[in-house]
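Look for chain A in each of the two complexes below; its partner is chain B in the first and chain C in the second.
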Partner chain A sequence: MSDWRYHFSHNLGTLTAVGLFVLMFGIYIGNHEAGLNPAVATTAANKAVLLALVAMAQTLPVLTRGLDLSVGMIFVMANCLASAIVVGTIGQGLAGCIAVLFMGLAAGFINGAIVVYGRLQPIITTLATGAIYYGIALWIRPSPGGDVQYDIADFVTGQLFGTVPTSLVVLLVVVLVIWIPYRSSVLGRGAYAVGSNEQAAYMSGVPVDRAKIAAYALGGLIAALGGLILTFNTYSGEASAAIGGTYTLNSIAAVVIGGTSLFGGWGSAIGSIFGAFVLRTIEDLLFVFDLPPLWQPLFQGVVLLVAISLGAIRVFRIRNRLELFT
Partner chain B sequence: MIRRLMRVLTGSVAALSFATAAIAGPEVVSGPGVQPECFAPLAPETKFLKFPKKDGPYRIALANGFVGNTWRIQMIKTAKAYSEQADVAKDIKEFKVVSTGTDVAAQIAAIENFINSGYDAILTIAVNPTAFTPVIKKANKAGVVLVAFDNTFDSDEVIQVNENQFQIGVINGSWIRKNVPNGGKILEIRGLPGNSVDRDRHLGIRSVLEAADAPKYEIIEVVGNWDDGTAQKVAADAIAVHKKFDGVTVQGGSTGAVRALMDAGHPFVPVAGEAENGFRKLCAENADKGLICSSAGQSPGLVAIATKTAITALQGEVMPQFVSVPIPLVEHPDFKAGVNFFPDLTDNFFNSNDFPPCGVNILATDIMGKSETDN
Partner chain C sequence: MADRKPLLELKGVSKRYGGIAALTDVDFTAYAGEIHAVLGENGAGKSTLIKIASGVTDASDGEVLVNGTPHRFRSPTDAMKAGVVCVFQELSLLPDMTVADNLSMAGTPTRGGFIDHKAQRARAIELLKRVGCEDVHPLELVKNLPLSRRQMVEIAKALAKKPKLLILDEATSALTAKDVERIYVIIRELRAEGVGILYVSHRMHEIEALADVATVFRNGRKIETFRKGERSVRDIIQMMIGREVTHHYPPKPPYQDNREPALAVSNLNWGRELSDISFAAGKGEIVGLGGLDGQGQRELLLALFGVLKGVEGAVTVDGERLSLTGPRPAMDAKLPLALIPEDRKVEGLMLPMSVRDNLTLASLQQMRSGLGIDSAKEAAAVTAMVDRLQIKAPDVAAPVATLSGGNQQKVVLAKWLMTEPGIILLNDPTRGIDVGTKQEIYRLLRNLAAEGRTIIFYSTDYAELIGCCDKVLILYGGRITRELKGEECTEHNLVASALNVETVPEKAA
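On to the complex of A and B.
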């Protein structure tokens, strides 16, 4: 197989998600009465980047054949913590941001450590830790409120040079600074190996334990960044179990639309980003089509099902269906 | 077309530029406002706002959050029915409804999208009272009338519409005090914990029953989550433990609470409850056996008052910043079939849909006749 064909088939999942997003966003903008202007783009970006970050965070454990049910709760916990400590001068605010990210890293590390050393199922472990993180969020912020450093918040949710939504640039920086180096590092490649076949990876000398812990810890970090940006969008924090649950479930949907296999070892965080964009655009389509209000959830569900089916398009290329389960 | 596009574009860019710029938006003026019998200020210190007058008909959007209980569904149907009434429809060019679920970021984006698209007014039930400060700023800068109702914002910069929840509690408490004048054991069935509505109604009830000059009431408190099933279960449990109550207050799920009394063979006692159709049916049937009721409710018809508020504000009238909507109240012996309750409609229908001081009356048949396929 020639080089480009290999790359094409290897990234088919991601490319499908990109294509789907471009198609849907095109329909959205084509029918939007204001068209594509910086304000419309920023509104869409600010909402989409939140889910994109949580979906990226979900991708890392999924690649190791795990699942992190606590990403949404880490997101909410970061939101509540940020609404308490990202205040004051710009310098103090930035220090608060770093503290929030560090807390996300620590929460993810705890998930990973319990999965690896406690030898518990990731899905059960993170269900429990997620409840703990939600408890901490509720403890920090029993009722909605709080504050944030406005200059940082308005910068991150505004535009660069009056055109490009800053939140998209932040997402790009996360991809360049975290995802790409991680993908090519020993730990990143180890994560794929563990997800494909843990025994074989172990026998080949892959640092299995460290690869898993790193995946969960980085996931926690990225989810916390999402929570931080939510705080910038709302100027406040809220310990909402509904929001945590919604983002967790949607992050899994985004991972699937992005072409990442829930059985691990195959996929990419870039795909998940576009999977998240697709999900958000499905919501936005409600604005441009005059759907009866009580039909909207049904419409969203049908489009979501179609999108997930396209994300699973890999099935059609596989000669032997048993390959899907390896 | 191009000019409109440019206006929208420059408007939105301005709306999104840095927060240090002065905040435009409604002018703070001194009262009194227009039609004070309908748009009553919540408190004497409530501010009055005046938006620049715009020519109609207007484009109005409803950015709803959660949709999935009967109250919200009835609210959406009411909004449609009201916007199609002849004297309202002439002022409305477009009425658009979007529900975004419980995700606060999605609701913020929904409101921003309506601002970007140049809607004149946006109605919303906030999923969270504190998260909308940046959106409020953007709406005010863009000159959009943002009206929050039911679950309101913690803000004094936009118009909000709600019933005075403390007052509903006072009404409930007063009914018990009037009909159980010598004190006794009262069952208080509360709503969803942690919610401001639950808190305010509870405090209202207690302010009457625990007043210094009140007779001695022993109040047993249970949590019914504003839900018929839950209210019925907790009421049944309380009756099993305490055997006999002299009165009941229930914030929501009133039909279930009364059914619990009936199932346990508990004698009928005075009940102060919400405005569900099933509750009023039972009250009317059993009044002669001692089930004397007071029924005051948070009406899904609030959306109609919010719509009327938005239209009036767009017409450049002076409005209170917080409109306290008259509480729709029916008490024994005023329950009348076909007027304030409907034997043919489901138990879950919320009855209180007319607000005479505002000239707003939406017939139950109009609401329920709005099939979901009508848009």
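On to the complex of A and C.
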């Protein structure tokens, strides 16, 4: 019984994000003229899943007290690569998908390896590698265009059994196949340990380097999956610096709204998914209330600020003023 | 005792940090089924010994043998694999994780590649029970536990690794009496099971209660190893002090009891760290803060400078009540306060900025002209201060980071002297600087006192307190346990009262 109290408090951040999303989505559906039907849900899901995946990808390095500014660029690079190689028959298309995911894994691995073995700061490392990944995206697709395997695309962006948006199912599969096993593996817990206190983790025999590299590599993989699904939505590839930058920044916002600490060691990718949903729903809310979409950044900013303020409550408990600066 | 089995042997081990020797040519053996106490003053080399034994750092010279075979530990994990486990003073727990997670951080029980939460939990409950912490829930986050519980969890974590040699480094410093009893029981059980134990503590009565064998260290060298009962407490203290020639200190004026009061502190309290601190310091007086490391000395200085929140009690400066709400009121007091911080690199200096900018940072108000800074005035003040303290800087425009440690420390001192302080709080200002600079600092302190300034001086080096201070306050567990005045400041009295053992006050010879 008292276990529940602990599980509850450990997941409070995630639950808050879920609650916020349910509230906002409820208002949205309540004011939508068609209500909740498969088509409305699928449209909402297809947009939201993209940011949710990039936010999940961001969560992993953040948990190790890092940051990945290249997630958006890996997302864009995967989009461009997919628009070039996920073509032909279904079999060829699937092979292409695997290649795209592999490329994301490799990009993330490179980030992690540089951070760990080069002992460089994650923020600047990934800023640099992000620019490189964007360069590769431009090289693959100098101007927007390309194609994608239609059967796979229609399947992923459609509905299962005519009701459930397939993209949501894909997201669920990612949670079940990647996040949950990672979270309950020694490596995943190592990532939390590193983020919580790297020195203590080292002293406790945690494989610090491996945990960090794995976090970045898996992050790259998930970001690439996001880029792949973007391609299925748009049937084309576009090397857009704006898209990459926006997704990177929004992923950080989603991570924070989802209750993950930017100081590392605390949080969950599931929280980030709902953080991403919250950010996306703002856009939909503006739509149903017929407000100009230009207001979106303003509302996003307000939601983000409220989310961080909740985390700042600790300041009131501080006894040594010097701790304010750490 | 022919059947004593050596577990850990160090042969001719030395360790140098930069040019400074922390440990010199040490031979040391720990046996299975024995409790071995390691004794010595602050900086005697105990911590270095433990770091080498537990794989945190590597010896510069010499050999480390476990069960007779040479080992080189490259990490704590290596040492753990060889059966050497250390309970560190600075806790190695992960604050954002649950107690159960922490207890199984190494050697996690897994099932099919994943963490077996059920097994992990059962193990946590068993370990917590063993250390008498049944009240701690395995799912509680470590950061939510009070310090004493955290220390018990740390010990439980070490037990989880099934050590052959368990090292306890000041492991009881934050524990309640009941917990200490529990630890004694566990340690004796382990001894009966044949585990070797290295026990580092400053508390004499603990050593008397537990140890089979003890080794005294001083200045990085092993002095003597002896069996229980072979030496008296008095002998041990004498061994810890030694009789080396100490630094030269400037002559002290005779002790005066009736100085004009500058700083008066009454009933200062801050959480559990400071209890009922009351003392007075006169103009021109150097008051030392002594005692073991971490008995509240730092907190006391921070409290006086207004850095701590929620401090109770009254501080008066030259008859006026001082508001403890931040450094600014302290700096603006009738006798302005200055705090020379402990870690010059973090709290004292802006390393990439120039010597000049660092020097004038705290006193920019006085250099103002209109909206800008009067650069002629600034340059004159900087030159005067560099001369006065003989700061060896190639150029005052060079970054502070390029200076030697001693000169950096002088810059910190100079920066605060520029504010013309009436009361100077010093937090271990001579740590890690060379002997020459130390002596300059001692002279400077005496001169400042002669000008009528009050100096509160915390040092981990007993000799320094004796050489410099007019009176020394000994802190133990956040309280002032003893006030040594003038002639009473001897090494014996300082060490004995720091360890909180009763001896008759001794007069200097």
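Quick note on the criterion: the second predicted complex is superposed on the first by the 291 of 326 C-alpha atoms of A that agree within 3 Å, B and C clash if a C-alpha of one lies under 4 Å from a C-alpha of the other, contacts with A are read in each partner's own complex, and residues count from 1 in each chain.
Please note the rule applied: a contact is a pair of C-beta atoms (placed from the backbone, for glycine too) under 8 Å apart; a residue touches a chain by one contact, two chains touch by 3 or more.
Just so you know, these numbers come straight off a predicted model, no measurement behind them.
**Student:** Could you classify chain B and chain C on chain A, in the superposed arrangement, as clash or fit?
**Tutor:** fit
**Student:** Looking at the overlay, does A:Gln58 come into contact with chain B only (first), chain C only (second), both, or neither?
**Tutor:** So A:Gln58 meets neither chain B nor chain C here.
**Student:** After superposing on the shared chain, does chain C or chain B touch more chain A residues?
**Tutor:** So, of the two partners, B touches more residues of chain A.
**Student:** Looking at A:Thr14 after the superposition, I want to know if it touches chain B, chain C, both of them or none. Which is it: first, second, both, neither?
**Tutor:** So A:Thr14 meets neither chain B nor chain C here.
**Student:** Which partner does A:Ser251 contact after superposing on A: first (chain B), second (chain C), both, neither?
**Tutor:** neither
**Student:** Once the two complexes are overlaid, how big is the angle at chain A between chain B and chain C (Cα centres, nearest 10°)?
**Tutor:** About 130 degrees, rounded to the nearest 10.
**Student:** For A:Ile243 in the superposed arrangement: first (chain B), second (chain C), both or neither?
**Tutor:** Touch status of A:Ile243: first partner only.
**Student:** In the superposed arrangement, which partner chain does A:Ser268 touch: chain B (first), chain C (second), both, or neither?
**Tutor:** neither
**Student:** Compute the least Cα distance separating chain B from chain C in the superposition and give it as a whole number of Å.
**Tutor:** Once the two complexes are overlaid, chain B and chain C approach no closer than 33 Å between C-alpha atoms.
**Student:** Share the list of chain A residues that count as touching for chain B in one structure and for chain C in the other.
**Tutor:** Common to the two interfaces on chain A: nothing.
**Student:** Along chain A, where are the residues that touch chain C in the complex?
**Tutor:** 2-3, 6-7, 10, 181, 184-186, 189, 192-193, 195-197, 199-206, 261, 265-266, 318-322
**Student:** Using the touch definition up top, name the residues of chain C that touch chain A in the complex.
**Tutor:** My answer: residues 56, 75-77, 80, 88, 91-98, 101-102, 105-106, 108, 110, 113-115, 117, 137, 139-141, 157, 270-271, 302, 306-310, 326, 347.
**Student:** Within their complex, state which residues of chain A touch chain B.
**Tutor:** 32-35, 37-40, 42-44, 46-47, 50, 143-146, 150, 153-154, 157-159, 162, 230, 233-236, 238, 240, 242-243, 246-247, 283-284, 286-287, 290-297
**Student:** Going by the contact rule at the top, pick out the chain B residues touching chain A in the complex.
**Tutor:** 5, 8-9, 12-13, 15-19, 64, 67, 73, 76, 96-106, 108-110, 112-114, 116-118, 128-134, 154, 194, 372-375
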